[in-house]
Amino acid sequence: MILTLSCPDRPGIVAAVSGFLSDCGCNITDAQQFGDRSTGTFFMRVVFERPETLADEAVRAAFAPLAERFAMDWTLRGDERRRVMILTSRFDHCLADLLYRWRVDELPMTITGIVSNHPRDQIGHVDLGELPFHHLPIDVADKAAQERTLLRLIEDTGTELVVLARYMQILSDDFAGRLAGRCINIHHSFLPGFKGAKPYHQAHARGVKVIGATAHYVTADLDEGPIIQQDVEPISHRDTPDDLIRKGRDIERRVLARAVGHHLEDRVLLNGSKTVVFAD
Amino acid sequence: MILTLSCPDRPGIVAAVSGFLSDCGCNITDAQQFGDRSTGTFFMRVVFERPETLADEAVRAAFAPLAERFAMDWTLRGDERRRVMILTSRFDHCLADLLYRWRVDELPMTITGIVSNHPRDQIGHVDLGELPFHHLPIDVADKAAQERTLLRLIEDTGTELVVLARYMQILSDDFAGRLAGRCINIHHSFLPGFKGAKPYHQAHARGVKVIGATAHYVTADLDEGPIIQQDVEPISHRDTPDDLIRKGRDIERRVLARAVGHHLEDRVLLNGSKTVVFAD
Amino acid sequence: MILTLSCPDRPGIVAAVSGFLSDCGCNITDAQQFGDRSTGTFFMRVVFERPETLADEAVRAAFAPLAERFAMDWTLRGDERRRVMILTSRFDHCLADLLYRWRVDELPMTITGIVSNHPRDQIGHVDLGELPFHHLPIDVADKAAQERTLLRLIEDTGTELVVLARYMQILSDDFAGRLAGRCINIHHSFLPGFKGAKPYHQAHARGVKVIGATAHYVTADLDEGPIIQQDVEPISHRDTPDDLIRKGRDIERRVLARAVGHHLEDRVLLNGSKTVVFAD
Amino acid sequence: MILTLSCPDRPGIVAAVSGFLSDCGCNITDAQQFGDRSTGTFFMRVVFERPETLADEAVRAAFAPLAERFAMDWTLRGDERRRVMILTSRFDHCLADLLYRWRVDELPMTITGIVSNHPRDQIGHVDLGELPFHHLPIDVADKAAQERTLLRLIEDTGTELVVLARYMQILSDDFAGRLAGRCINIHHSFLPGFKGAKPYHQAHARGVKVIGATAHYVTADLDEGPIIQQDVEPISHRDTPDDLIRKGRDIERRVLARAVGHHLEDRVLLNGSKTVVFAD
């Protein structure tokens, strides 16, 4: 099982948690802690094996009083796979990459559906297999209608994580707020470098020598959410905007896949407008 | 010798240049070309060996008519070392690094002087050897006075390149303008990410996962000059602003040294507000 | 068109080539040269636009005498796409990646077929579309038989480049020799670090902190061919051999795709047991 | 204080350690654990603040019985700085870099001396300040004599860590054995790529596209000790062996400085012939 927690820092947290696990007969196989001095918050992630005689639910129930005592935000997960919905557009390189990694079991998740505002035949290069595909076109006169349909779909399918795999739509503040902490976006820029539209064209015009991409949790302000993962590639004067877009595809899919993987393994904890990432 | 040129693109430039060199008995050992389609400008750098019977000046004189015919901006240098002045502050890691590389002959230059607005004893960790040191304090009531002194020093010493090795002073527009194309600054940020003061604190507050530095030619707007070199390092939630500053020192000195080295080898050509870098 | 050439170094090569192109009315848009002093060989790659009135074949015919005069190894290609056959095994991540890049037009090639010694249903995650698939099982009693069939297939389909996308079979010396210079392999190791089988297990046992992959031209000695491209990723003590294999997949597909892309754009020239790569 | 420990893995270790610290009134500010399943060994590093009323020595004494119970290899350090001796040769770039980082307080250590088999005036570029310098020439007829002198110096100065900063001498097995676990070497190669002498020339001859360096603990077999840190840089066909040596200097000093820094902060734990590095 994987336990994550954050709480106000004070002496005795690790002792209490590890003592609890030891008393339950659980064996810690991996653990990381971090105390943020600037906010006085303590973060912890523990991977442990529970005795077979103890059900996941029993561990959770036994841990709850301790969690309350330390005022913890906490999660405690067993083997169940996260339920994930992927939203995409005609830019399907991130979708194709996520699906490949899912199929070779790099990303332990259950995909609840693929959603696009474009019809399925416009996602030509990707084999969706038996995955449910939902074409949710946007009515310019009533954009909120599509978001309502989408939100219902997210709820009906028990989706726990929404991945914006180059979805290319501006979300309403209300919609973004409802998905806070459980929706990951890939911004095709090395934030805060080039916010807004066409960042690769902006980067080319400025003549930078490195480009990058950013995976972050969605908040009302699309370019300001807590950053999970970033990566870059060098470029040269020879690169046209089209070259940047091509090179960017590699960075985007790599950065998004890592961020999703870390989220699925409960490695990412929210720390205000930032993240703590207990990477491997 | 090293020839660099830029001119309006049209057929026959390479043929004319290489024909000229061949007719002179020169042998090309390295060459790179680039045509920027968006501006219609052609860039070229050629390294060649001239016959011993031909003086540098003679090659220059013979090339001039051809350069005029194609409306070239051009330089043609022999073995003479560039004359370089280094401006610094109490943050002396870039200075120390440049001096070390100069001493082991990685940076082929003649240092015309070290300038700081702090007295020499505040640059405690660096062995200046016999290099002339100039303490040019700034009079807050008349900042222009120091710049005038500095400019005279630059001229009197025949300085061809000024390196701002964490000089930490805002240059006046007039001063910056006079040094256009021959003054390199290291900005302790991955531009255009965090302009202005204290970029590492800005980066920490935003929670980015990668930091970087930028070497660029100075223009009136200090954060907007043509970028020569950029590089980055990953960081984590554990890094405090002080850690970022420490890690930043490594990136800054590396990026600045590369930019200066490329300039000294005539690898950097200006292309409007951008650069063409014929890197090795 | 793209011209590549290598020949004994001597004065006048660039002048002759660029003069020829200029006389033909061709316009150079990109060019790179390199003289290897240790072997006395000169290498050149020129991209140029020919006048519409001149056919590709006419340029080739006109260039031949010049090439002969300088004893050049040379190629001169127009818009025709290279014909490429991909050999794979059950490890299909490189295959999936190459096909995706081909479909989004990152790799300008015509795929002549996919070959595996495993039946098609064992390549479960990859949509081959209408591409011809050839199941060529290996008879342990007569391994040469399969190679003969394969070689005939390569010839019958007019295949110009064979890509070993984790093909996992030892090629006979004779077969490897016939494909010299036109067969690219991805070795799942940072050569020459861990030659031979199971390099990720070797890397784990040695406790290295960085792993990598190598794309190279095939020669009789499978681990010794001219290297085209290498890349690495940091790893930590937490990584098991399985983690290395997973991280390795990302490096392998990236390195192989770059090597194939460079080959397709005539950026890779052989220099004895090494390569000259005129990268963008 | 910083506690490091390794011991046979079994349930209850973290609980016992954190319970002990909590009972002592200590507050954990950073901690990392790792269980190596292949060897059944558990590793832990804990940073904590002790109450002012408790001396370092008292914490150590109180911890000893617990350590014995779990059969721990352990260290428990307060604020005292490690005593470090640096051995060098005429290749002084690593020495210069370590001294600079020490002076700006990046490397918290007390330098007990600089040792070289060359006289001081051959280390021309580096300001040793008031640091004791020992010229220990090697008598080819009796190499062991110099090692005996060196070993006595190490003992007399209370040196805890010996850094081979491009020392360039083959150590005897006996000498290396005595320094096991407290002597760090920088190997100017990406091990196990090019063992032995002149690795950059080997790398050039093989035509690799990436070079690197390796910092490791010294063992009797100089190229086989536990690896602490590795890093790499891309190179191209243009790079001569001299270019590789120049680029290698940057990698070497960076890799060695990181390894020494990690050692000084008790981040490196030995795991048989490998290391566990609890990096920041």
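Each chain gets a letter, A, B, C and D, in the order it is written, and its residues are counted from 1.
The rule is short, and it goes like this: a contact is a pair of C-beta atoms (placed from the backbone, for glycine too) under 8 Å apart; a residue touches a chain by one contact, two chains touch by 3 or more.
For each chain, UniProt lists the protein as follows: A, B, C, D = Formyltetrahydrofolate deformylase.
Source: prediction; values computed, not measured.
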*Looking at A-D, B-D or A-B, which pair matches A-C on over half of its contact pairs by residue number?*
B-D
_Pair of chains joined by more contacts [C-beta pairs], C-D or B-C_ = C-D
*When the C-alpha atoms of subunit C and subunit D are each averaged to a single point, how far apart are the two points in Å?*
41
*asked:* From the mean C-alpha coordinate of subunit B to that of subunit C, what's the distance rounded to whole Å?
replied: 37
*Among the residues of subunit C, which are close enough to touch at least two other chains?*
30, 34, 37, 236, 238
*How about subunit A: which of its residues touch subunit D in the complex?*
10-16, 18-19, 21-23, 25-35, 37
*Touch list for subunit D against partner subunit C, complex*: 34, 36-38, 190-194, 206-210, 212, 226-232, 236-238, 240, 271, 273-277, 279
*Which part of subunit B faces subunit D closely enough to touch in the complex?*
30, 93, 96, 100, 103-104, 106, 124-127, 236, 238-239, 243, 246, 249-250, 254, 280
